[in-house]
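Here the chain labels run A, B, C and D in written order, and each chain numbers its own residues starting at 1.
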Amino acid sequence: MLVRVQTEPFDINDEIKAITQGRDDIGGVGSFVGLVRGAPGFYSLTLEHYPGMTEKTLEHIAATAITRFGLLDVTLIHRVGTLKPGDSIVLVLAAASHRADALAATEFLIDWLKTDAPFWKQEHTTTGAIWVEARDSDEKAKQKWQDCSNHD
Amino acid sequence: MLVRVQTEPFDINDEIKAITQGRDDIGGVGSFVGLVRGAPGFYSLTLEHYPGMTEKTLEHIAATAITRFGLLDVTLIHRVGTLKPGDSIVLVLAAASHRADALAATEFLIDWLKTDAPFWKQEHTTTGAIWVEARDSDEKAKQKWQDCSNHD
Amino acid sequence: MTTVRILYFAAAREKIGQSEEELALPPGIANLGQLRALLARRHPILAQASIRGAVNQVFATADTPIAAGDEIAFFPPTTGG
Amino acid sequence: MTTVRILYFAAAREKIGQSEEELALPPGIANLGQLRALLARRHPILAQASIRGAVNQVFATADTPIAAGDEIAFFPPTTGG
């Protein structure tokens, strides 16, 4: 399991290599890369986080997914600092023997990270700085994993 | 849309860059990397395909996913030739404005590719060469996308 | 052109012992099922229900029409990905 | 140690005007809800239901016990990912 908070970009190929190299029991790696979307008048965002709680939370989310989906490994990398439209923000990797587990876990991981990991986005726009509001849809995306004890 | 059949490995970071660079409307890229799993007595596999039909089928699957999930781009790369345990076989990338579409489409793409794209695996084992049998679970994975007209 | 090109892949190719053949389309052979029944006399594996067929690089069924110039293929269920 | 360390993040930090403070735990303050009510007198944003709390880097609710030496944090709903 690897969780990391960093300002610099990540290389997904390197991260997949890091979890797959030297073993031959992984049948599939699911992944998600989140990117900053552009909008009129929006030129950058700053990501703030809660050092310590962030790592603790990401480790807990990763461990939960490993148990729930029988994963072979998980990588969670989140960038902080100032990012521009088109920049990557977050990387989720879930490695499993079979693809269904890898893909379901990828969705689980990003859904939980969105609501539970202590990161906050402030957007810098032509009319000033605005803290991004949490979205109900993110909370709902997380809740779907709690309504049923197993994913199916 | 990019579909490609190749013998050499792919670099997922380069492929994501290729579809995200120069634009800022992509909020998330879902991906799946399939790998060769090891087993006792199994030392390599050879992937055969139907040149022409392969590309045509992959393009059709990619176009179907783009329409169905409102994707911004899709990449499908499949390796052929001889591969060893731990080697990557297939890359699926689905780029969308929002993560739910990107992740659902990733699953759709790999499920359909598994049953419809004309590739065949022959395993080389200590007891000889064996053509891999198609799995019922792959056919079922594809059918779940046909039972409902929309993914929810 | 009065012939069809027939391709075999994977286990079908191995069993049949060739990867492709050219066939003058006999009278009365108008769809894939008819062609397959004809070929199965020489290539018994084609009688197996699991073997799939394609016409001009698209999955086809027994009633898919065929005509001279077509590219026909027979192969086992796919196992890529 | 008879104090708690209190951290504020994002919009809460900006509204309160500081990112952290040290507080001697007054008698009668035994859980997060009680501490929050006390702090809300000085920092009205803490009265907002949307503001979440953590004790020792774990999400906490009003009835989560607190003790001297704890690290307490208040912040808006997270918006990472």
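FYI, a residue touches a chain if its C-beta (ideal position, glycine included) is under 8 Å from a C-beta of that chain, and two chains touch if they have at least 3 such contacts.
Since we're looking at a predicted model, the values are computed, not measured.
*Asks:* Which contact partners do chain A and chain D have in common?
*Replies:* The common neighbours do not exist; no chain touches both.
*Asks:* How far is the middle of chain A from the middle of chain C, if each middle is the mean of its Cα atoms, in Å?
*Replies:* Taking the mean C-alpha position of each chain, the two centres sit 48 Å apart.
*Asks:* Calculate how many whole Å lie between the centre of chain A and the centre of chain B, each centre taken as the average of the chain's C-alpha atoms.
*Replies:* Taking the average C-alpha coordinate of chain A and of chain B, the gap between them is 22 Å.
*Asks:* How many Å are there between the centre of chain C and the centre of chain D, using C-alpha atoms for each centre?
*Replies:* Between these chains, centre-to-centre, one finds 73 Å.
*Asks:* Quick one: which residues in chain B touch 2 or more of the other chains?
*Replies:* 34, 99, 110
*Asks:* At least two partner chains per residue is the criterion; list those residues in chain C.
*Replies:* Only 81 qualify.
*Asks:* So which chains actually touch one another? I want all the pairs, not just one.
*Replies:* A-B, A-D, B-C
*Asks:* Enumerate the contact residues on chain C facing chain B in the complex.
*Replies:* Contacts found on chain C: 7, 9-11, 14, 54, 57-59, 71, 73, 75-81.
*Asks:* Can you tell me which positions in chain A touch chain B when the two form their complex?
*Replies:* Residues 11-14, 16, 20-38, 85-86, 97, 99-100, 102-103, 106-107, 110, 141.
*Asks:* Considering the complex alone, what residue numbers of chain A touch chain D?
*Replies:* My answer: residues 34, 47-50, 52-53, 56-57, 78, 89-90, 110, 113-122, 131-134, 138.
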